[in-house]
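Here come two complexes built around subunit A, the first alongside subunit B, the second alongside subunit C.
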Partner chain A sequence: MTSNAFVIPASAAGALRHHPLVVRYAPIVTIVLALIAIWYIAAVMMNLSLVRGGFEREETPYAVSELIAGTMSAERPLLPAPHQVIAAFVDSVFGYAPTAPRSLVYHSTVTLSATLLGFVLGALFGIGLALMIVHSRVLEKSLLPWIICSQMVPILALAPIFIVVLGAIGLQGLLPKSIISAYLCFFPITIGMVKGFTAPDPMQLDLMRTWSATPRQVLAKLRWPAAVPYLFASLKVAITISLIGAIVAELPTGAEAGIGARLLAGSYYGQTIQIWAALLASAILASGLIGLVDLTERGVARQMGIRP
Partner chain B sequence: MALHMPKSLKPDTPGATLRPRGRESFVAPIEAVRMDKTADATAESGSMPQRLAIDVRNVSLTFETADGKVDALSNVSLQVADGEFVSFIGPSGCGKTTMLRVIADLQQPTAGTLLVNGMSAEQARLARRYGYVFQAPALFPWRTIEKNLRLPLEVMGFSDSEQRRRAARYLALVNLTGFERKFPWQLSGGMQQRVSIARALSFDPALLLMDEPFGALDEIVRDHLNEQLLQLWDKTGKTVLFVTHSIPEAVFLSSKIVVMSPRPGRIIDIIDCDFPRDRTLEIRETPEFLKIAQRVRFGLRAGHSYDE
Partner chain C sequence: MGFILAAAGVLSALFLPLSSEAVATLSARPILLALTLAAALLFAASAWTGGSRAIALGFAGVLCGAATPLVLLRDPGIGGSAAAGFWALVLAVWLGAGLCVVELASQRPRGDGARRALNLAVPLLFGAVVFYLWEVLVRGFGVPPVLMPSPSAAAIRFVSSLPILGQDFVQTFVRGVLIGYVIGCGAGLLVAIVAQRFSFLGRGLLPLGNFFSALPLVGVAPIMVMWFGFDWPSKAAVVALVTFFPMLVNALAGLSASGHMERDLMRSYGADYWQTLMKLDLPAALPFIFNALKINATLALIGAIVAEFFGTPTQGIGFRISTEAGRMAIDMVWAEIALAAIAGMAFYGLVALAERATTFWHPSYRT
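For the complex of A and B:
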C-alpha cells in the first residue's frame, strides 16, 4: 500500500495524458497559448517607443515595469494587447443593445446578411456556370478564360464601380454588397463543380449509356451525387470568400454599417483596438459559417452512406 | 433428325418461373441443339433457322492514336444464336473488350455491319435489349444495394412497386437477400459483383454482356460465381457474351468459345463446347474438358507466335 502511494500519482498523470479531452485539445491549446505569448511580446516591442516617447515628452521619470505596463494599456497602440482587444470586443458585443450603432452584433448582422445572400447567389451562379461548362465544349472554351480573368482584377478596384453602376440603376443597400460578394465566391464553386460533375467513373457513365439514360437522368442520378464532396469542399472556401467580399464591399462605399464600416471608422480615427475587435468578430463569423457548412456536409454524408 | 431429342436434359428447367412469358420459344430449341453433338456442326455453320442474337459481319475498328493507327478489330465476323453462352478469350489487346463495347454501342465500328437482336447496335441500346457487367462492380457508392439495383429501373421508368418487386427478386437470385440497406463498401468484392450482375438482369434483357466480371476475384469465389452464373443462364435462357482471360473459366461456362488474337484484333478460332447446360465444376476433370482447353490453349499460342 505504502509503496503504491508513489505509483498512483504517476499513473494518474499518465491517465490524464491519455484522456480523450487532453489528446484532442492539448495541441490546439498549446498553439493558442504560444500565439498569445508572441502577441504580447510583439505588443510590448511595437508600442515601446510610443510609450517611451510619451513619458519623455512629459519628462516624468519611469521604471521599466511602468513602461511595459504602458505598452499594454495605451489608448491607441500600434498593436493592442490581446486583453485590450477582448475587452473591447466584449464591451461592443454585450455593452450595447444589438440594434445600437456601436454594437458589434449590429454590424455583424449587417455583414452577415450580405454574406449569406452573396453566398447563395454565388453558389447558384457558380453551379450554373459549371453545368454549362460540363455540357458544352464550346462554352468551356469561351467561358473559362473570362471566368479566370474575372478573378484577376482586384476586387478593391471593382467594388466602387459596381456600387456606382448598381446605384445608378436603383440598387442600393444589401444587394450591391451581395453581388460583390457573389462575384468573389462563385469562382471556387465553378472550378470545384466542373471537377465534381466530371468525377464519375467512365464505367458509371457507360452504364448510364447502356440503359440509354437521358442527359437529365445522368445529371440527376450520377453527376450530381458524384459532385457532392467537391461541392462542399468549394462551399467551404466560398463562404469565407463571400464574407471577405461583403466586408470589402463596405469599405469603398463609406457604408454606415457592417464590419467593413467598423474597420474603416477605426482606421480614420486611429482606433486600433476597435479595428482588432471588428477583425475578431469577422474571424468568429467566418469560423461559424465554415462550421455550418461542415455540419451540413456531415449530415449529407451520413445520408449518402459515405464510408466513415 | 436428332435435333429435337432432349437426351438427358430435364423436361423443365428449375428456374423456368423466372423466365418471362414469351421468351421461352427461343430457348428450348437451342437447348436441344446444344445437347446434341452431331447437330453442332450445322448450328455453327449458321444455316440454322433460329433467330440470331448477334450477327457481326466483317466489322473493323481502327483507333487513331499518337503513334499511328491501332487495329482493335480487323474484319471480324461472328454469329451467335439466341440462348448461347459465348466466351471471348485472348491476350490483352486482342479486341475482346472492344468487341463487347461495339455490340453494346459504346463504341462504333469503322467498317462492317452489326445486328443485335435483328436491329442495329444503337437501336438495341435504345431499346434496352442488353445488360452490361463491367470488370469492376461500378456500383454507385451513395446508393444502398437496393437503390443500386433499382437504378436502371428508375432510369427506365418502372413503377415504384415494380422496382421494389424486382429488386427483391433479383437480390434473391444472387443470394443477397438481407443486404438491401447496406452500402456498397460494406460488401465484399464478390458480393458487389453479384449485385452488379443482378442490376444487369433487373430489367430482364435478353442479352447479357459480361466483360471479365470475375477478373479481380480469387479462385474460390470465382468458381462459386461461375457455378451461379451457369445456373442463372440455365434458369433464364438468356444469351450471354462473356469476356475472360481464363481458359478453364471459358471452357466451363461456354457453349461456344471465341479465341482472339492481337495486332490486329481478330478471331482465330471458334470452338464449340457441348457440355450439358446444368454442368458442375466436376466436369473440369474430364478428358473432354481437357481436350477443349487444350484446343483453346493451342489457338492462343498460335495467335501469340504470329505476333512475335
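For the complex of A and C:
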C-alpha cells in the first residue's frame, strides 16, 4: 500500500486503512485479484502441454517465454486467459451488428426476452397461487405439500419434454422457454408470498375485523403492503432461476439462438473462448437483472415511505 | 348439497351415451351397473348424514364411482371417443372426491396423531385425484401417447425397464451427484471455517459468494465435460461447483450465529480455538449448514442432469431423457422423471431426517 514514491504520513495511512470504503472493498478487491492471478497461473499450466506439443510438431526451437506467451494466445485453449475471454466478449458484443447471429447482444436479447416473459408469467402465477392458498384452508392443506414436493423434483429435467410436447401442439420459439422459466420461478414467489400475506399479526387482523373490513379490503390495505418486502426478496431469487431456466431450456432442443445455444455450439466445436464469453454474458445478465429488481424495490420502498 | 349433485351426475350416466361409437350401455353391464348404483346411493346417503360419517360414505362412493370409468376405458369403443355419459360419471366422481377433500380438510381432530394422519391424508387424496383425472382424461380423449402418456403407461414402463433405470440411477446419482455433493459441500464448509478464522477473508468471500451463487453456474457444464471427459467426473465437478457457493454463504452466516455471551463463556472456560469451533461454532451453525444441504440436494440433481445434456457415456438420467425425447418415447421420459423425482425426494428426506436427529435442540423443532 505504501511505496517509496509516495511517502504517506503514518497517521494518514492509518486513517485510510480505517476508511469505511477501504474496510468494505479492500477484502473483495484482494480476493478478486488473487482469483485472477490463480486463473492466469492455471491457464499457463493447463495449456502448457498443448502449446509445447504444437511447438514440437513444427520442430521449431522455443524459449520458455515463448511457451508462456503461447499459452496466453492459444486458439482453442483448455482454459483461456482472462484477457482472451474479455477480448472475445468485447469483440462479439461490439464487433457485429446487434442483429447478426454472431453477436452476443443478439443471443442475449433472445435469452433475456424468454427470461423476462417467463419471470412475469411465473410471478403472476405465483402470486395468484399464494392468494388462493392464503384464502382457502382446503387448498393450503392439499396443494401446499405438493408444491413443496415439486421442488424436490429436478424440474429442469422436464425442460426437454415440455419443449417437445409444446412443439407438437404447435407452440415454438419464445413461449415454451418462458413456460419453463415460469414453472421454475413461481415456487419461491408462492412460498414467499404465502409467508408475506400471513405476516400481519393477529392484532392487526382483529383491528381490520373491528372495522368490518371485507376480505378484499384486508388484502388491499393490510396483507398486500405487509407482503411487499417478502415479494422483493423472492423476486430476486426468482429472476436468477428464471434466467437459468431460459438458458437450460435452450440446451436440449437444438435452439439456434440464445446463450444456451451459444454454449452448446461452443462445446460441439471446441470453441472454449466462445463458451467463456457466453458465460460472462450470462453473469452480466444475471447481475443486471438482480440490480433492476433491487432498484425497483428501493423505488417502491420510497413510495411506501419505508426508511431503509 | 354437492353430494346430491354428484349422485345425480352418476345416475345421469345411465341415460346419456357413453361413447360416440355404438357400444353397450351401462345398464347392459350388470357389474358396472351395480357399481354406479352403489356410488349414487352412497353419495345420496352422505348428503343425508353429516360430519365424519358423510366423509366415509362419500369416500366409499368415490371408490365405487371411480372404478367404473377405468373398467369402461378397457373397451376399445370408449377409449378415445368417450361421450357425455362417460364424462358425467367422471365429473360426478371428481365432485364427490373434491367434497370429501374439502370436508376432510375442515376437520379439526383433537389428538396429535390424528392431526398428523389428517395432514398426510389430505394431500395424498388430492394427489390421487389429480393422477386419476390425468389417467382418465388422457385415455378418454385418446391423447396420443407421444404427447402425454397416461400415468399407468409410465408406471408400466417404469416397472418393465427397472434394469435400465437402475443403471441410470447409479451413473447419475451415486457417481455424479453423491460424489460431487460431498466434495462441493465439504469444500464449502472448510473454506467457510477458514474464512471465519481470518475475518479479512470472510469479508471478501461473503459478497463474492453471494454473487456467484446467483449466477447460472450450470453453464460451466460444457467446460467441465471438456476438462474431465464424458464420464461421471465431469458431472461430479459441475455438482461440486454448483453446491459450493450456497454452502459457503450459509456456513459463513451460521458460523457467526453464536452470541457474545456464549463466546465469553467459552473464553472463561479457557477453551482454545479448536474447542470453541467444535463445541460452540459448528453446532450453532448446524441449522444453517442443513439449510444449505437441503438447497444443494435439489441443485445437485439438476446440475448432474444438465451436465449430461452435454455429453455422456450411454447411460444416465439426463442422457436417457434427451435421447428418448428425441425418439418420441415419452413414456420412458416420464419413467426417468419419476425416477429422478423419487431419488430427489428420498435424498431431501434423508437430509431432513439427519437435520431432525442433529438439531433437535433448535427452537423450530421444539413445540
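Basically, the second predicted complex is superposed on the first by the 269 of 308 C-alpha atoms of A that agree within 3 Å, B and C clash if a C-alpha of one lies under 4 Å from a C-alpha of the other, contacts with A are read in each partner's own complex, and residues count from 1 in each chain.
In this section, a residue touches a chain if its C-beta (ideal position, glycine included) is under 8 Å from a C-beta of that chain, and two chains touch if they have at least 3 such contacts.
From a predicted model like this one, the values you see are computed outputs, not experimental measurements.
After superposition onto subunit A, partners subunit B and subunit C are found to sit side by side with no clash.
By the touch criterion defined above, A:217 reaches subunit B but does not reach subunit C. In the superposition on chain A, A:63 makes contact with neither subunit B nor subunit C. By the touch criterion defined above, A:28 reaches subunit C but does not reach subunit B. Here the vertex is the CA centre of subunit A, and the angle it makes with the centres of subunit B and subunit C is 70 degrees, a multiple of 10. Of the two partner chains, subunit B is the only one touched by A:304; subunit C is not. Set against each other, subunit B and subunit C touch different numbers of residues in subunit A, with C touching more. Of the two partner chains placed by superposition, only subunit C is touched by A:247; subunit B is not. Nearest C-alpha atoms belonging to subunit B and subunit C sit 10 Å apart in the superposition, given in whole angstrom.
The interface of subunit A with subunit B does not overlap its interface with subunit C at any residue.
Per the touch definition, subunit A reaches subunit B in the complex via residues 201, 203-204, 206-213, 217, 221-222, 225, 228, 304-307.
For subunit B in complex with subunit A, the touching residues are 104, 106, 125-126, 128, 130-132, 134-136, 138, 140-144, 151-152, 154-156, 183, 185, 203.
Subunit A makes touch with subunit C in their complex at residues 23-24, 26-32, 78, 137-138, 141-146, 149, 151-158, 160-161, 164-165, 168-169, 240, 243-244, 247-248, 251-252, 259-260, 263-264, 266-267, 270, 272, 275-276, 278-279, 282-283, 286-287, 290. Interface of subunit C with subunit A (complex): residues 101-102, 105-106, 119, 122-123, 125-127, 146-148, 200-205, 207-208, 211, 214-216, 218-223, 225-227, 297-298, 301-302, 305-306, 309-311, 317-318, 321-322, 325, 328, 330, 333-334, 336-337, 340-341, 344-345, 347-348.
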